[in-house]
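Some structures to go through are shown next.
Paired with chain B in one complex and with chain C in the other, chain A is shared by the two complexes that follow.
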Partner chain A sequence: MSILEIDELSVAFDTEGEIVTVVDRVSFDLEAGETLGVVGESGCGKSVTALSIMGLLPKPAGRIQGGDIRFKGESLPSLAPERMRDIRGNRIAMIFQEPMTALNPVQRIGRQLAETYLLHQPDLDADLIHRRCLGLLDQVGIPAPEQRLTEYPHQLSGGMRQRVMIAMALASKPDILIADEPTTALDVTIQAQILELLRDLQRETGMAIIFITHDLGVIAELCSRAVVMYAGRMAEQAPIRPLFAGPLHPYTRGLLASIPRLEDEPKTVLTTIPGVVPGIDELPSGCRFANRCPHVKDLCNREAPELVVGEPGHRVACHRWREIDA
Partner chain B sequence: MKTATTDSRLADSASGRSPQRPSRLREGFTINPQTVKQWRRFRSIKRGYYSAVALVVALILSAGAELLVNGRALIVSYDGELYFPTYGDIIPGNTFGRDYEYETDYRDLKALFKEQDRGNWVLMPPVPYGPLENDLIPGYFPPYAPSFESGHYLGTDQTGRDVLARLIYGFRIAFAFAFLLLLCNYLIGIAVGCAMGFWGGVFDLLFQRVIEIWNMVPSLYVIMIVTSIVIPNFWTLAVVMVIFGWTQMTWNMRTSTYKEKTREYVLAARALGASNTRQIGSHVIPNTISVIVSFIPFSIAGGIFLLTALDYLGFGLPPPTPSWGELLAQGQNHIVTAPWIILSVGISISIVLIMVNYIGEAVREAFDPKKHAYYQ
Partner chain C sequence: MSDVYGEPLLRVDGLTKHFPIRAGILLRTVGQVHAVDEVSFQLDPGETLGLVGESGCGKSTVGKTLLRLYEPTAGGVFFEGRDITTMGRSELRALRRDIQIILQDPSESLNARHTVGKIIEEPFVIHRLGTADERRRWVGELLERVGLSPAAASRFPHEFSGGQRQRIGIARAIALRPKLIVCDEAVSALDVSIQSQIINLLLDLQREMNLALIFIAHDLAVVKHVSDRIAVMYLGEVVETATAKDIYAAPRHPYTQALISAIPMPDPTADRDRIVLVGDVPSPIDPPSGCRFHTRCRYAREDCRQRKPEVESVGNGASVACHYWRGL
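What follows is the complex of A and B.
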């Protein structure tokens, strides 16, 4: 059963009178307990999609232009603010990219961990909250939790802070955890630890994770399914194996080809996708990848491709995927 | 010296460089190491620190000014019984065997008991004059010059009231007034400023214009007009001043809130389901506290200055309230015949305002974010 359904979601930003659509008809489902990767370059709309699920689009510029987000059948964009606050942090939790700035610098860790309980379970008594906070810190692998509770964010390292953020998100045992590039700001060893931690936590709690990243390696390691986004649209959506073994969209192919491999000849030039992502205010009317695509035809410049089922469970938005499949 | 070692230990254990080492102050409550740093920097700025100490001592002493500067005796021993007239109702003269029913003249009583020598005695405060008492010498017109003999250490004003007593009680009133003004102005200013910064948009725009227009009202004239129609007391004067004073803080809070609300921890709090008031209350305001704190001393100085100016012009607290402004006006009138009035009040005002500004300077320096490793 899908716990979260995103249906033709479009998000627009109003920048100085000009309305720019940054997320264009994105659709995907999230099954309970699965890990879905959302991958794409900076500015492709990954984070905006996540923020619109949480109902946290920057106001007043950002707004949902069309489509729907359904959480257990309930439409989130049309919920009353109070009801949405109940869901936020309680049923759907989010962790952010920058653990350095996502914790309040003037509050102790213990106070910030307790916030979720204070907000969503106001009748818990202080002792129980304290014990649960200790349990949470223990669960995310923080040593000497008793001491950490009395410390301030600046006394912790980046990895520790990200663990605290994860602990905060886990506090209410959410159904969905949205992780917006949680490892980008961390170094590689810490990154591996955090991924390991997320995987373990998911096994323990059975929550679904939406993992947003630009790192295909992380996706391959953690996710069962992935959505590839390009310039605000979905390019491809597939289970991990088919996606990596037989990508259908030229963009995904380009991305995978750009990853250097151990068996490559040393000192060869890295493969790149030529060109740049079109600016948000100069998006073409046709396929948004057309200006960088090696297989571009007239049709691509004229008409935007629809998302079609290529293979079972594997959807792609390309006019020519059948022809270029090789 | 002892406190200094405690401090450094505090900072060491709190800096958290070695997470394995258990903090020595784990039990219960630890002080934010940032606060410890700020306090130490404040202490290291000598003139600010000593001004703060001196001013706090002066404020504590002035809170008990009735025990130090008063026309009423501290203790009266009469016929084997002890009386403490300082606080409470007046004790009529016939209680102590005098022939009048109004309040006892304790200085007179003291002289009498000494003369009678029957074991009765009176203990007077160090300055044996109240701020409202006219101590007149028959045949001479006040102001009287300073004299240790009579106990008028700084002389008297033009109606024979002790200058030192009026200075001290005036100090107390001025500070109480400034603190009250501060509290009200900041409560309103912070609330409005935060709301403007947090909600922004039309609300912000509207309030900006309202405040700009409100600031164009010449507040001093309005206060003068109001106080010349109704005779003000402490509270009404404070209300009138708050009506014009609250706008100051809104601008600072507005910008700080604009800055803080876009920080990721506020977004994170929203992602946890925190309501707007909670975001403001526990995330935005605590992070703007350094802005608020650095303005406090200067607001206090401003409050004292404003009250003194109004009293000087005669539009402030009604006579015979002891006030520095009123003394200043008197001193100006008698600058040749009684220079001690203007000298004492002028020097007092200067010292107090300089000290408050030194404190403000030290506080600002201690909270200066340049010196801290702040997150971007």
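What follows is the complex of A and C.
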């Protein structure tokens, strides 16, 4: 069953009087208990999509221009602010790349954790909260939790801070966790710890995860399905194995081919995607990948391709995917 | 490899850099950050040495210390046989023609108020090379060489994307035809599709100019792709050196093994036999006794806590610093 439906979502930003559509008709579903990857490079709209789900678009510049976001059938953009506050943090929680921006630097960890309980259950007993906070820190693998509760965020390492963030997100046993590049700033051995933790927690709690990243390695490792975004639009969506074994969109193909791999011969020429992503003030009217695509035809420059079903469960937005795939 | 009698292009010998920690109103030294301890390696013309390791392992400090951007605490850095660590000001300035550095964020090293043309021309001006006309022509050629239009010379750095700014940084670095470039996380901030463009450019320039590179990065897959040999650092020390191929195929040090196994592979069908290291990297202010990796090593034995492993040569220019690597 879909727990979250993103339906033709468009998000616009007002930049000095000019309205720019930064997310353009993005659609995907999230099944209960699954891990869905959203992958793409800087500026592809993956973080803006996440913020829209949370109702956290920067005001007043950003707004939902069209489409809908439904959580268990309920339309989020049209909810009253109090009801949205209840869902945000309680039913849908989010963690970010840099926990320091989300943690209060002058409050002890224990106080901040307790607050997540008090916010939603103000009459909870103090002893019970304390026990639950200890339990949470233990659950996310923080050693000596009793001592950590009395410490400030700056006294923790980056990996430990991310664990605290995850603990706070888990406090209300959310149905959905949105993780926006939570391991990007971490060292690779610490990243491995956090990914393992997320996998374990999901097994225990059954929550669904939307994992946003630029790292296709992390996607391959953690997710069951992924959405590939480029310049504000969806390029492709597929279960992980077909996505990596037989990508249909030229952008996904180029991206997969340009990653240096450990098994490569050193000092060989890497495949590249020529050119650069168009800026948001110079988006073309046709396919947004057209200026970098090796398969570009006249039609691509004229018309934006619709997202169509390629193979079962595999959708692609490319005029020429059939010819390229052949 | 260099010939038996000659010197390599660069020989780093026991390089050590400690930063004092000062406290109190008199700023007394109360401790030392052991950023780099007894690091040794060599580099031949046209060769790439990758320096890899996690935050705080000292890889960037090595790069900056061997350029004398930091004064070394001990050890020698010999470039074409001359010790950089004892050079005076004018000798150092002359040396900057031969050794250049490229940083992660080019906007930090490119003067935002100068045009791209002026930025790239500056090395020629400092070293009093060419007439104004010649310099303008050279700037145009350099821009074309790194894949930008000569018209870019009249624009400002902020008008370019991250990848293009890194191209500008590279154009400036190769302007004086150096023999060695230190690339400090030069492609780390770039998106994958741009990163591969810049890696190809660096490999091209290396072949064309017989450039030696010291390639510092935390991404082992990227380092492996550009390097001939790789040195793996942990808490200020080199724990293993080997050819790029060998270090991936047969890592000897337990830390290298864990580092490689932690890299997420862009292949959902890959077998994952992951070694997840427990705990965090200890503080370089008070590094662990004995082998510095013993607090996180799954093979650690009692004497690893007490006895520091020597760097042991294991043939083919490779070395490893672990008491028990043979038995792993």
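Here is the rule we use: the second predicted complex is superposed on the first by the 323 of 326 C-alpha atoms of A that agree within 3 Å, B and C clash if a C-alpha of one lies under 4 Å from a C-alpha of the other, contacts with A are read in each partner's own complex, and residues count from 1 in each chain.
FYI, a contact is a pair of C-beta atoms (placed from the backbone, for glycine too) under 8 Å apart; a residue touches a chain by one contact, two chains touch by 3 or more.
From a predicted model like this one, the values you see are computed outputs, not experimental measurements.
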TODO: Quick one: on chain A, after the overlay, do chain B and chain C clash, or do they fit? Just give me the call.
DONE: fit
TODO: Mind working out whether A:P60 is in touch with chain B, chain C, both or neither, as first, second, both or neither?
DONE: first
Task: Dominant contact partner of chain A by residue count, chain C or chain B - done: C
- [ ] Check whether A:R83 is in contact with chain B, with chain C, with both or with neither, and answer first, second, both or neither.
- [x] neither
TODO: For A:K297, select first, second, both or neither according to whether it touches chain B, chain C, the two together, or no partner.
DONE: neither
TODO: Once the two structures are overlaid on A, work out the angle chain B-chain A-chain C from the Cα centres, in steps of 10 degrees.
DONE: 80
TODO: Check whether A:E98 is in contact with chain B, with chain C, with both or with neither, and answer first, second, both or neither.
DONE: first
TODO: Considering only touches as defined above, state whether A:R131 meets chain B (first), chain C (second), both or neither.
DONE: neither
- [ ] Look at the superposition and give the distance in whole angstrom between the closest pair of CA atoms, one from chain B and one from chain C.
- [x] 7
Task: Where chain A meets both chain C and chain B, residue numbers - done: none
Task: Residue ranges of chain A touching chain C (in the complex, touch as defined) - done: 41-42, 157, 159-160, 187-193, 195-196, 214-221, 240-241, 244-245, 254-256, 258-274, 276-277, 292
Task: Of chain A, residues touching chain B in the complex - done: 54, 56, 60, 85-90, 93-94, 96, 98, 100-107, 115-116, 119-120, 143-144, 146-147, 150-152, 154-156, 165, 168
- [ ] Could you please specify the touching residues of chain B with respect to chain A in the complex?
- [x] 14-16, 19-20, 22-23, 26, 30, 32-34, 200-201, 263-265, 267-275, 278, 282-283, 286-287, 289, 373-376
Open item on the list: Under the definition above, what is the set of chain C residues touching chain A in their complex?
Closed with: 48, 54-55, 161, 163-164, 191-197, 199-200, 203, 218-222, 224-228, 244-245, 248, 258-270, 272, 274, 276-277, 280-281
